[in-house]
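Please find the structures below.
One chain, chain A, links the two complexes that follow: it is found with chain B in the first and with chain C in the second.
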Partner chain A sequence: MEDMLNTAKTAENVRTKSRNSKPTKSHPLYYLLPHLIIFSIFFLIPLVFGIYVSFTKWDLVRTPDFVGLENYKNILFSNSIFHDQLTSGLWHTILFVLLSVPFCIVVPLLLAVALNTKPFLGKFFQGLFYLPSLFSISAVVIVWSLIFNPNYGPLNTLFHLNQVWTGTQPWAWMTIVILTVWWTIGGNMIIYQAALNGISKDYYEAADMDGASSWSKFIHITLPSIRGQLLYTIVTTTIAQFNIYGQPLMLTNGGPNGSTSVLMMNIQQNAFGSGQSLAGLSSAMAVILGICITVVSMVQLYLLRDKD
Partner chain B sequence: MKKLRVLFMLTFSLFLSFFISSKTDFVHAASNKQIVFWNPFTGPDGTNMQKLINQYNKTNPEYKVKNVSLTESDMYSKIPTIVNSGKGIPDLQIVHVERIKDYVHNGLLDSYDPYLSQFPQIKGKNYVPEAWKNGKYEGHRYGVPLDIHTTFMYYNKDLVKKYAPHALDDNIVTFKEIEEAGKKSQKDGITALGLTWWKPLFLSLYGQMGGKLTKDGRNPTFNNATSKKAINLYKRLREEKITSQDGQDPMQLFLTGKDIFFPEGIWMNNQIKEGKIKYGVTNMPQISSNPNKMVNWSSSHQFVLLKQPKRSKAKTKATLKFINWVRLHSLTWAEAGQNPASLAITKNAKYNNMQQSFLLSNKTEQNSLTIFDYRYNGYLADYLDRYAYDAVFNKTSISKYLKKMQNTVQDEVDAQMAD
Partner chain C sequence: MKTKQNSVSKWTSFIFLLLLAIIWVVPLLYGVMSSFKSNIEMQSVGFRFLPINWILTNYSRLLQNTSNTPVFRWFLNSLVIAGGSTILVLVVTSLSAFAFSRLRFKGRNTLFYFLLSTMMFPAVMNIIPLYKIMTFLGWANTPWAMIFPAATGALNIFLVRQFMDNIPLAYDEAARIDGASDWQIFHIVILPLVKPVLYVVALFTFTGSWNDFLWPSIVFSDINRMPITPGLKLLQGMYVADIPTLMAGAIIAIIPTFILYLVAQKYFLQSMSLSVGVKG
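This part shows the complex of A and B:
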């Protein structure tokens, strides 16, 4: 009996000691360490190395030659093809961002609002709208290139058209934007649905009593209530669209006449094309693209900040 | 605190075990009495390559061959990094012949020279000259050819009979004959010539017209009157509706009996066979009916030895033994629709019944096989594949197209690391 009491006392002492022990300064580090290791290996080290490579000439085989700002001078201020690649590639990327981001925000938002009214077969449509997000870009492009096929595609066949959708402008951009919106609806839609579910019904009931229209409720209740989620999706969607690569590569191959060649395609081709790698120039282009994305994201965050 | 330490140790051990196990795989791959053979044959031809290797391994060689097929783009991306790392380098590698010069300059290849004296049958006389010639660079042999793959021209037998009955009398179909056939066939909605892969179509014609990719081996010389003339010929034929049009799928046209002539690779034969049309094969479209002026765009898969920090002499000899064995047993490779580079195949009756065999059947045909071997071919190929028919389909002018092609390749050559 005495033994049992002693054991219980000892256990109590250990628990008390454990409760009273203060976390040291290094305590949070242990929680962060697994993430930090992964973050460093797959993001931080490649980022630093990529920036270093942008100041070198490198063929991926030999030791990089440090050339200072030569790559940046070449792509920013010379008459070389790389200057053309940067300017036209960046312009095409920005054009795509301007064309696609509004649709990638508005379409999922409208669908989420519609699904939030709990319509008949709502769950089925929710699954249906989310489904494309699960497909790989290759599968998505195959599906849409069949739809836009000028010879046997349903679009030309149904409407008796003879349009080469991916080979002429502005249709080439239109096909890329439609495909992208269809592919990316799901992610943003789910975020909006979760946000809409969190809005108190009281606001809408009060608005109904005041005789507010549906539009008025949407503008004055719904949108302000999901402001945080909207800001998040606008920033992340913009970043994602700045990194456009697979859609023009597989659907239009950058054509017609390079008019859908985006910067990521040029970066990839210079670094991993069929000829000797121009990894330094590619990295310099990638750094400039990264700076553009950072600046645009910061401007968005500033403009959409909560002024209160 | 103790629990946290344990958690940390566990995470760290997981990372360590991941890297250690990865390293162990490399060690295993290299230590066995095995020739690790990387190649880009992931399509139907991959099955034939595996079959060929199985046949070799059944002969009970001291070193068996391990087939590793990778997608072409992945394989070419991996080669520089793997050679650079010095670990997991395959013992034998297939590359396209146009890559050899650049790989030599980048220090990616070992020469066969120290070993060839022990394999006297691996020599020029036993291979198609064009394929053999281009495996040598700066006096050293870096490539031994597996095959010489060509783009030639498929034709619909019924449509030829109807619209171009004499075009094939000499087995050379000229652009003039195609144009004449097209003028008749377009009334029935039949296309005379499918515009397929632009690079071989353009280069074959450019070569026939005497065009050169470079004069000094470094600087490109594409922007000239000859290249303008070559593109203009295709543009004119497209405008006259002799060729397929923008957005049309030439393969579909041919397989549905709506196209007479269809220039494509010999490697596409198995796919064409699945169609229900009666077809034959002939040379690429030519501007002259003179057989000595024929050009058929070709490339070659070559066996190369990637640079290794410590090359095993015994294993390298075993590798050459395999290459020599393939030279004498390449029928399986021919069954994939390819033309083996080994001339021993031309004595095989079964091979001589294959459609593509006419390209090796005599010296004139063999001489028509042209490899456009320019050290910076990769840059040119990227441009031609990306901008393809933009000038032919009038999306840009021919002058702008050629000027951009010239400037692109020139700037890329100038931006390279110094040798």
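This part shows the complex of A and C:
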């Protein structure tokens, strides 16, 4: 009898619960915990710890030894080799961002505008331009290293040139930028295509009535209509290119004369390279790179914000 | 007049696209063709697109190598790592997204936006401690070293939640009236409805994991345990004088994502507009 009463009560409970749609308190945690645990152990703790060890002397093995701002003084203001690494590595990284980002925005935008006219073979072209972004940087560099190979590469053999493309400047930077544009534009192109697709035809028809040129239509209708997507891609592309590592590592090996050696290479080398690990100092470099990336994207968001 | 102008712009576009398409396709095809040439042919013939003698020995040499560059081994390792990452991400992401979309609890939005905002920090700031954590757990040189970090991201949760939010609450209510629990609503009602976005998350997790370069080259030192993407760096050092074999290695490495793309192109291209609708 009591059992039956209990069952009836539970049933009643379930019904009121569902009517008010208020699940029990413990519930959401079961769903959230798997991610929260993984997130904490493999993202949040390393992030906080990474900032902490940038204030320590650490070799990855012993307990980190707190040294205050010494690492930062060392890499920012001293005359050490690490100061040179930071300044030249950061400068080369920024130079690469400045060289590559404009192309990574303009080329896919042109492609999207061309594809938006629904030309012959449009779907095929779209698929082709997107394809390289599905390949790894190491595979992409190997494929392009043949193109630029001084002895057997088609660029030299076909045009009877004798250029050491990846070993002399300014070619070394150009090869890296060309490879990067080839590798990465697919995503931005698709984003612009979707954006262009969403612009109402009415605007263009009205502009046609007024006899507007296609250039002025592009400037006054197209660009303002996709400014949200432009802003989004400029910020994400800049962040992505700040993390440059594989291209100079495998294509130019930082050369010629260290002129394409970027900060990520120094960070990796100091922490995990042969010899004594300088994980603390390396973390300080990583924090500075992280701050640069964050500041640059903030500034971009501020400059490109909607002023209305 | 207007249709004429239209067809002019159509053809200008076509020619522009065709010229760029040549730049896009030639390096890839030249690499593929070269992987079927012998090293002697490569070094003696000069410019020639197609091989004179088509050979497969570059591929067989790589796949049979079990000592210094075990490419076949790397390939299998990559499959395990990318497959494992995909499964874990799907489970963890859909559970979390369901909680954020359907369950009510205190601090729901605060937690959600906190998770999202941490994604701003560049990965470079946590790889050094992450390496320490992996060695501490004894997971360096194991697939776990890549599988678990893959499931930390909040952007996937964001995407899936967005998709779930578009499913009318009436579905849940109907199921509740029939006596369904939250768990049943999750896997019987909601999950089947968000399949499209889960495909997208799966494809991107798989290719992202397959193509990851920096992190695995740090955490894998054992040549037999590493995936193929950092493996290619070793291959490059080993076959510096044998370009056709090196090309064969790169081609082997891109085959899986290439096939995925052929099969599921629709989802790859859709995903971009998905993320734009969200963030743009």
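Of note:
Everything below uses one rule, namely that the second predicted complex is superposed on the first by the 267 of 308 C-alpha atoms of A that agree within 3 Å, B and C clash if a C-alpha of one lies under 4 Å from a C-alpha of the other, contacts with A are read in each partner's own complex, and residues count from 1 in each chain.
Just so it is clear, contacts are C-beta pairs under 8 Å (C-beta built on N, C-alpha and C of every residue); 3 or more make two chains touch, one makes a residue touch a chain.
In this text the structure is predicted, and so the values were computed from the model without any measurement.
Because the two structures share chain A, they can be overlaid on it, and in that overlay chain B clashes with chain C.
In the superposition on chain A, A:257 makes contact with chain B only, while chain C stays out of contact range.
By the touch criterion defined above, A:57 lies against chain B but remains apart from chain C after alignment on the C-alpha atoms of chain A.
Counting the residues of chain A that each partner touches, chain B and chain C differ, and the larger count belongs to C.
Of the two partner chains, chain C is the only one that A:147 touches; chain B does not reach it. After overlaying the two complexes on the shared chain, residue contacts for A:74 are found with chain B alone; chain C is out of touch.
By the touch criterion defined above, A:91 reaches neither chain B nor chain C.
Looking at the shared chain after the overlay, A:272 reaches both chain B and chain C. In the superposed model, A:34 makes contact with both chain B and chain C. By the touch criterion stated above, A:66 is placed in contact with neither chain B nor chain C.
Clashing C-alpha atoms with chain B appear in a single stretch of chain C, chosen from 8-16, 26-34, 44-52 or 62-70: 62-70. Residues common to the contacts of chain A with chain B and with chain C across the two structures: 21, 27, 31, 34, 60, 149, 151-152, 272. Those residues of chain A that touch chain B in the shared complex are 21, 24, 27, 30-31, 33-34, 37, 57-62, 65, 74, 80-82, 149-152, 164, 166-167, 253-258, 261, 269-270, 272-278, 281.
Within the complex formed with chain A, the residues of chain C that make contact are 2, 6, 9-14, 16-18, 20-21, 23-28, 30-31, 34, 42-43, 46-47, 91-93, 95-96, 98-99, 103-105, 108, 111, 115, 118, 120-133, 135, 148-149, 151-152, 154, 157, 172-173, 176-177, 179, 182, 186, 207, 210-214, 218, 229-230, 232-233, 235-236, 243, 246-247, 249-250, 253-254, 257-258, 260-261, 265, 268-269, 272-273, 275-277, 279-280. Chain B meets chain A in the complex at residues 1, 4-5, 7-8, 11, 15, 73, 76-77, 80-81, 83-84, 102, 106-108, 246-249, 252, 376-379, 381-382, 385-388, 390, 393, 395-396, 404, 407-408, 411-412, 415-418.
Per the touch definition, chain A reaches chain C in the complex via residues 14, 18, 21-23, 25, 27-28, 31-32, 34-36, 38-39, 41-47, 49-51, 53, 60, 107, 110-111, 113-115, 117-122, 125-132, 134-139, 141-147, 149, 151-152, 154, 157-158, 182, 187, 190-191, 194-195, 208, 214, 228-229, 232, 239, 242-243, 245-246, 249-250, 264, 267-268, 271-272, 279, 282-283, 286-287, 289-290, 293-294, 297.
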